[in-house]
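All chains are identified by letter, namely A, B, C and D, in their written order; residue positions are counted from 1 within each chain.
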């Protein structure tokens, strides 16, 4: 095995403007926000984003004007309301939207992970989701039963960025025994072309190999792994820390206007030198450690 | 009969009565404020009430948790409360729930949206033009699946002319008919919205063409008030029932056992 | 929740001759052998069996002449060689065989679990597996990409029988943290119509609900759960006990002839009164406990 | 050069040389006796040897284990040894491996069978008539996937006229051509058997029509002996190479580090 441990700079350097990126996480769990701030700081733009239930990550990129197209099942801020910047950009016509229902997006990710061009669903007959997207959703008759089915196109992207719990230098990423559902990161990893994972902590390979059943992203599939503690902030990592409610409320408040959102990004993404500097701006480790929850895992 | 009940208690009792023994009911986790009460609070309280009364075998799929322990509820739902919630199962990925939906494993779901029309077509995606909408909403989640595959989806929405419209701007979830074609003609099987529980009345689709019908008015609400709150006229029965009030047993369970701190039925 | 805890008699009573049954387990891990012996004792015949890598379970049923048709990816005895009775019956023309490769069988199980009549694969072009089975494997053109794909028919069956680790009275079945791969039981559960699960041990629901991420068969899907310690004997349950090498060698030896196999079945399946009696015939708990391995789980 | 090596050591060295840096190689777990040595023992030893010499980034998927620790091997493989084996990952179900295969995630696989023909079509299913075979074999496992999707499948079989046949009775896994149609014409992409490592010679498919060709004879084996052991005549090159012997470094690693107790290279 060879080390795949990189700095965030080196791991994300291949991502150019115009790329398509699958972004992991669901709702306020594990969006790869440190990586997203890096993309904003480095002025990576014109992105096509594929997501599951996207919140902070897509809204930050929308605030930066970096999103050209979005394909996903949800973009909002969960219990903090609609996604203010994403919403504004879509309403301005600046982001092309392709909505997918959950079975459709799952089928798309599974198709990519199975090397197939499409997989069928029975959900979207008569829905505008299908009627307005004839390129990616097409009807056919099942050759076995004759039933009508809808084929949905595989969810392929140039890059996939996930934020995980812990990993080793070879890119093997594990979840804790006590966790929320993965939702979609394992599927996205399997569907990825070039996969970059940030994790809360790097642990020795020996700690990983004792519990191989906990590895949900095998290092085989990983191009680069980066240690970024609190890498999902201001969102949460289940089993590690909660969402930062005060920060999210301030973010929503700032995002009521373009100017406010821009000032927020200047401070937290563009002027922050790196992730350590971001943590310093939040008040340092002492401030974020208040978000930490009781841990119950097998790596300690 | 106990006339001293809140509107949310009335809705909770109505939800409970739709749930049958051995039903599996899907409930979401998101949103806040009134939307939380409608989409999460009342459904969970109603499900629990049904379990305690006539449906001991009914269970829930709440967010990512199958058969969650509904015996208590924290005041603020943060990630860690979800992470540590007790449940029969927490499937490894969301594909598991999607597969359960697609193989028609759910009996009941709870759905809301920005717009609904007389055939129960629901819009949670965009108001106005899809490519450049007046209001961009959250997308679609699994609501198309609920209307496509769940046996008895329950719509939870406050009545409002801007929400109950003649024609929704975007059909996220297909109801009983659209553009003159029935859901069967569109390729969908059994299902579609079963009942619409609102703050003023209960509506259903028990009409020959499966369009919306007034089932009952909540006590003290007039027909005019309901019609004024709707952008289309539902079928009105000859005799208009009054939504039955919660029983004192129901109220006692809601207040003392299910939601003593008014976390679920907050706003 | 309602109790689904039954005796083996009551749980299996609905299974009639002529049924189709999906049998869980893979190689020498977790075949539902106690249930299989019950089927033999009760003279349930003319079965269509759907399996993954089937070993002892299918060979016992073949020895009893109870198998009409088999659909699966493997039938043998792993490191004990070919499956002697299954092999003999197939060679006699008494069992109709439909072979499937692994991606094909997985697609079939997934189709059933997704309520779909078929799912596509790209594997079997030109293989006799497809050419000799045109009813269940049919070519079509992907409506998205135009590529040729093969649709394989959903793996539906009347009953599914699995043997698991521990469960509660409501039918929730969990695996231990240290285990071998599940292989296929979770998929079979999701694909099932009527699911009967035997488990090594019934534990209180409170033990299950503390670790919901370990539940791989939710009670929702289960019709009946039965406590059968050593229910996979002479095969193994990973994390609980190893395969019984001496017993398996004697079984292979006996199975060199129809008479020998029949005598084996008389003794261990037909004349044994029930599973306790079977354990007594093996020498009692003291004898099988020698197969027990060190346990490392969260239920103790 | 060290002439004092066993036949299995020679094959191990040959396997190692086919494995490139960063390859992912699939190895099975089943069977016993000679079949175990061919399908499991020599492949694992060869993979480990490659890792220690020229392919530090090569890794294995062995049974259900991704990147298993190959530093030691128990004398008897029982279930519990597999249960507790250290590895980078043990995916939750076998669908995970199937998906990796179908998306062409594997570089190398090891395959054997009862019959193989000149185009590398492999039979592990049945000898004789499929419906009423002379010998019923194990079925097919994932061998059709290996030949369909893996970049360089390695066939491990002892040479025998009954195994190397003009026409296999049942095509489980499609090789480079069948019944006059190439694998591309049958609908398959790149791939197919890459090399055939036997007890007497190495064969490959480096011919214009992708039929089997003799690559090298093992030291001391005559061409006649090889041809006598085959039911068809492979292409014979003008100059016939001798299979290179293991180096002393290779032998030292195999004997002292990889398989000191002769568990992998037993029979």
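Following the convention adopted for this analysis, a residue touches a chain if its C-beta (ideal position, glycine included) is under 8 Å from a C-beta of that chain, and two chains touch if they have at least 3 such contacts.
Just so it is clear, the structure is predicted and the values come from calculations on it, not from any experiment.
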{"item": "Which of A-D and C-D has more C-beta contact pairs", "value": "C-D"}
{"item": "Geometric centre distance via CA averages, subunit D-subunit B, whole Å", "value": "58"}
{"item": "Centroid spacing, where centroids are CA-atom means, of subunit A and subunit B in whole angstrom", "value": "29"}
{"item": "Subunit A and subunit D: spacing of chain centres that average the CA atoms, whole Å", "value": "40"}
{"item": "Multi-partner residues of subunit C (at least 2 other chains)", "value": "110, 114-116, 121-122, 139, 178-179, 213"}
{"item": "Multi-chain contact residues (two or more partners), subunit D", "value": "90-92, 98, 102, 149"}
{"item": "Chain contact graph, described as a line, ring, star, complete graph or other shape", "value": "other"}
{"item": "Which chain pairs touch, all of them", "value": "A-B, A-C, A-D, B-C, C-D"}
{"item": "Subunit C residues within the subunit D interface of the complex", "value": "26-29, 52-53, 72-76, 78-82, 86-87, 90-93, 96-97, 99-103, 106, 110, 121-129, 131-132, 139, 148, 178-184, 186-187, 236, 238-239, 242-243, 245, 293-294"}
{"item": "Residues on subunit B engaged by subunit C in the complex (per definition of touch)", "value": "22, 24, 56-57, 59, 65-67, 69, 85-92, 96, 98-100, 102-105, 149"}
{"item": "Subunit C-touching residues of subunit D, taken from the complex the two chains share", "value": "29-32, 36, 63-64, 77-80, 82-84, 90-95, 97-98, 101-102, 125-126, 130-145, 148-149, 170-174, 178, 181, 183, 186-188"}
{"item": "Sites on subunit A touched by subunit C in the complex", "value": "103, 115-122, 136, 138-140, 142-145, 147, 149, 151-154, 177-179, 211, 213-214, 298"}
{"item": "Interfacial residue positions of subunit C with respect to subunit B in the complex", "value": "1-2, 110, 112-116, 168, 170, 172, 190, 205, 208-210, 212-213, 215, 218-221"}
